[in-house]
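Shared chain: chain A. Partners: chain B in the first complex, chain C in the second.
On to the complex of A and B.
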C-alpha cells in the first residue's frame, strides 16, 4: 500500500484539527484546543486504482506573518490550505500565504478549503467568494460534515500526481 | 556516563530506510515503545515518508512532534541524521516545555479570536450607529422643515385672528374668531409636541428653572380648562393643599404643559362625571418639596394592556381616537418624559368604564425668602410695557407678517418701518437710526443671518441697535447659532402679541 504525507496548514483556529477529526474519526467538538507542533493521523482511502494510506500532518496554526517550519514539508506529497470563511484575517492575504506554502513545500498545487460553512449565510458566502482571489476547491463544514470526505479525497489525488 | 535524570529525557535509536529499528543507542525515554525489529512508524508516524527524503550526512531537526503512546501524549523534538545505510534518530522529550507553550498559544489564540469578534461587532455597531445617526439627522431636518413650514402660516392665522378679535365688536364674528384661535392654538400644540418629543429623544430639552408659584400655575391651568370646557357636562374640581410652598424652583412652562396634557387627555375621554385635580405635598426637606399631582377622571378607563402602552409615542387606544379627538398621540409620552427630566415619577391606575387616575410626583427645589420677591418684581415690569415713539425696523418677505407686526407695534405707539428683505433693510439702516431691528431669517436677496454679518455696514446710525430674530426656525441649534451671530433674542413663530411686545420692550427700555 502506498503511503503519502500530506499537510494541513493555515491560520490558527480555522478548523484544521476539526477537519481531520471529522475525516479520520467522524467526530466533532465545539471546544477549541490549540495545536502545538505536529500531530500525525493516518487514514486509508480508496483511489480509483488502489488503497492509499494518508499520513495527515496537522500542523500548528499560524498567526499573521508566521510561516510553517520548512522541515515539516520534507517528503510531503500534497498540502491543504484551510481558511475560516467567517474570519477575514484568515484569507485576506491568501494569495501570499499559498505562494509561501508552495515555496516552502516545492508543491505546484495546493488544495484550498474554506471551512466553517455552518457559520455563513448564503448572502455572506456569496460576497466572500467574490472577494477571495484564489480558486477555492471546497467549502466545508467539519461541524456539519459537509464536503470533508471530498476535500481529503482531492488531497489524496493530489498526493499521487 | 550521563546522569539518569538526563537519560530519562531522550532516546537515540537507529533505523533502516523501511523504518525498522536496528539499534537502541542511548537514553531511556519511553524505551518500552522502541524494540529492535519493530517499526518506528508505529510510535513515530511523522517519520514515515520523511526518512527517504532526508538530506545525506547532515542533522535534520523537527520540533514539537507528537509521539503516539497509549498512556499519554508526548511532545518531542527530533533530530535525524542519514547515513548511506541507516538513519540515526534522536528523540528528546520536551512535553513540559510544549505544554506551557500550548497554554500560552491557546490563550493568545482565544484572545485573538475574541478580539476579532469584538472588532466585527464594533464594525456592525458602527454601521448601525451611522444609520441611526443618519435617520435621526433626517428626522430632525424633516421636523425642522415641517415646523418652519407650519409655523409661518400659523403665525399669520393666529396673528390675523388676534387682529380681528381686537377690532371687531360683532358677537358672531368674535365667536368664529375664538374658534379659529382655538384651532390654531391646537395646531400649535401639536407642532410643539412633535418638536418637544424630538428634542427630548435627542436629549436636547433643557428645563428653565425659575422661582415659580405652583399654586398659581395650577390655578391658571385649571381656569383655562374651565373656560375651554365651560359647555362640557364634566365638572372640573381642583384641590390645592395649603401646605404647598409659596414659591419653588420650577419650569412653569413645562409644568403647565404636563398639567395641560393630562387635563386635555382627561377631557377627551370623559363624557360625564368629573375630573378632579388634587395637589399636595407628600414630603419636605430643607432643600426640596415633593409635590404630588393627582388627576382622576370618570372617563372610559383602560385595560391593563392599554395602560401599558399609553406612554408609547403616537399611541392611541382606539384607531378612531386620532380622528375623533385629534392630537398626535404624543401628549402622555411628553408628560412622562418631562416628569422624568424633573426627576419625578408618573403612575397610572385605570379601570374600564370607571375611570383613570394619573399620579405625578415631582421634587421641586425650595428657594430662600430673598429670591421670592424677584418673581413679583419681574411680573410688575412686564405690565409696564410702553413702546411710545419707538422706531422699529421690521424685515420680512411675508406681507401677512408685515401687517400683523405693524398692527401689534402700532397699538403700543411704535413706528414700524417695513422692508421686504435684507438688502432693503441694509439700505434703511444706512439712512435712519432705529431703536430696534426685527429680522426674519429666510428672506430673498439677503437673509437675516447674512445681514447681521454685515453689521459693520450699518454705519454709526445703527452700530449698537439691538437686533431680534423673528423666525419659524425654533430648534435649539438654530437659536444658539442666531445668538452667536449677534441676535440678542429669538422670537419663535407663532408668537402672541404679548410675547412680541414683551421682548421688544425689554430691549427698547435699555
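On to the complex of A and C.
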C-alpha cells in the first residue's frame, strides 16, 4: 500500500483536529482541543486505483506568531489549509499564510478549506466568499459531517500527483 | 587375380589427377588466404609499434587530456545522486570510525588491565580472566538482559513507516512512527545545532536508540541493561543491515522484504 504524508495547517481553533476526528474516527467531540505543536493520525482511503494510507500531520500555529519546527513540513506530499469561516482573523492573511506553507513544504498546490459552515448563515457565507482572496476547494462542517470526506479525498488525490 | 606394378602406377596417376580436379578451387582459396595473412603480418609489423606508442602516450597523458572531463562527469553524477552517495558512504565511514575507536578502546582496555593486574589479588584477577567479564557486569547481564522490543525503519522527513519488527502488538505503528518523527524533529529544532540528530530517548529501564542516515532512520526500543558488548554487537548488525538495504534501495520500497531483512540481520543475525 502507498503511504503519503499530508499536512493540515491553519490557525488555532479553526477546527483542524475536529476535521481529523470526524474523518479518522467518524465522530465529533464537543471538547475544544487546542493543538500544541503537531499531532499525527493515520487513515486509509480508497483512490480510483488502490488503497492509500494518509499520515496526517496536524500542524499548529502557522499564523506567524508561533514558531513551528520547519522539519514538520518536510517530506509532505500534499497540504490542506483550514480556516474558520466565522473568524476573520483566520483568513485575513490567507495568501501570505498559504505562501509560507508552500515555501516550507515545497508544495505547489494547497487544498483550501473553509470550516465551521454550521456557524454561518447563507447570507454571511456569501459576503465572506467575496472577501477571501483565494479559491476555496471545500466549505466544510466537521460538526455536521459536511464535505469532510470529499475534502480529504481531494487531499489524497493531490498527494499522488 | 593379383595387380601388376604397372596397374598400380596407373591407378595412382588416376587418383592424383582426380585429386587435382576436385581440390583446385580449395587450393586457390588457400593460397589467397595465405597471401592475406602474410600481408596482414607485414602491415601489423609496421602499424603495431605505432599503436603501442600512441597507447603509451595516451596512458601517460590521460589525466591531462581527460582528467577535467572525468572530474566534471563524476561531480555531476554525485550532485544528481546525492542521497544514494551519502547513504552508500554512511555505513563505510561508520565502519572506519568504529575501527579507529576500537583500536583506541583496546589501548585503554590494555591500560586498565595493567592497572587491575597491579591492584587486585591474583585470585580475583584469575576469576575475571576466566569469565571474560567482571562479576558486577555478569550479575547485571543475568538480571537485566537487553531485549530488542521494537525495530522501526522510518523515512526521515515524512515519518512514513517503511518496515518494522515488534514483540508487542502496537495498535497503530504508522501513527507511532509519525509521532516519533515529530518528537525527533521538535527536539532537534529546539536543542540541537544544525545537522545534529537526536540519537537517544531514555526511560528508566527502556531505551530508544535512533540510528540516523540520510533518508531514513532506524529506531530500536530496547529493554534491560545494555552492556558495551551488546551495544557493539548491535552497531555491527546495524552497519551490516544498512549496507545491504542501501546497496539495493528497492529494499526500502518493499515492506515485506524489508521486514524479512530486519529479522535476518538484526534479530537472528
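Convention: the second predicted complex is superposed on the first by the 153 of 161 C-alpha atoms of A that agree within 3 Å, B and C clash if a C-alpha of one lies under 4 Å from a C-alpha of the other, contacts with A are read in each partner's own complex, and residues count from 1 in each chain.
Quick note on the criterion: contacts are C-beta pairs under 8 Å (C-beta built on N, C-alpha and C of every residue); 3 or more make two chains touch, one makes a residue touch a chain.
Predicted model, so just to flag it, every value in this text is computed and none were measured.
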Fit or clash - chain C, chain B, common chain A: clash
A:60 touches, of chain B and chain C: first, second, both or neither? first
Larger contact residue set on chain A - chain B or chain C: B
First (chain B), second (chain C), both or neither touched by A:89: first
Partner chain(s) touched by A:42 [first = chain B, second = chain C, both, neither]: both
Partner chain(s) touched by A:12 [first = chain B, second = chain C, both, neither]: first
Touching partner for A:145 - first (chain B), second (chain C), both, neither: neither
Which superposed partner A:70 touches (first chain B, second chain C, both, neither): second
Touched partner set for A:109, first chain B, second chain C, both or neither: neither
Which superposed partner A:51 touches (first chain B, second chain C, both, neither): neither
Residues of chain A that lie at the interface with chain B and also at the interface with chain C: 3-5, 37-42, 55, 57, 69, 71-72, 74-77
Contacting residues of chain B [partner chain A, same complex]: 45-46, 48-54, 60-66, 75, 98, 101-102, 105-106, 108-110, 112-113, 116
Partner chain A, residues of chain C touching it in the complex: 155-161, 172, 174-175, 178-179, 181-182, 185-186, 188-190
Chain C partner contacts - residues on chain A that touch it in the complex: 3-5, 37-42, 53, 55, 57, 69-72, 74-77
Residues of chain A defined as touching chain B within the complex: 3-5, 12-13, 32-34, 36-42, 55, 57, 60-61, 63, 69, 71-72, 74-77, 87, 89
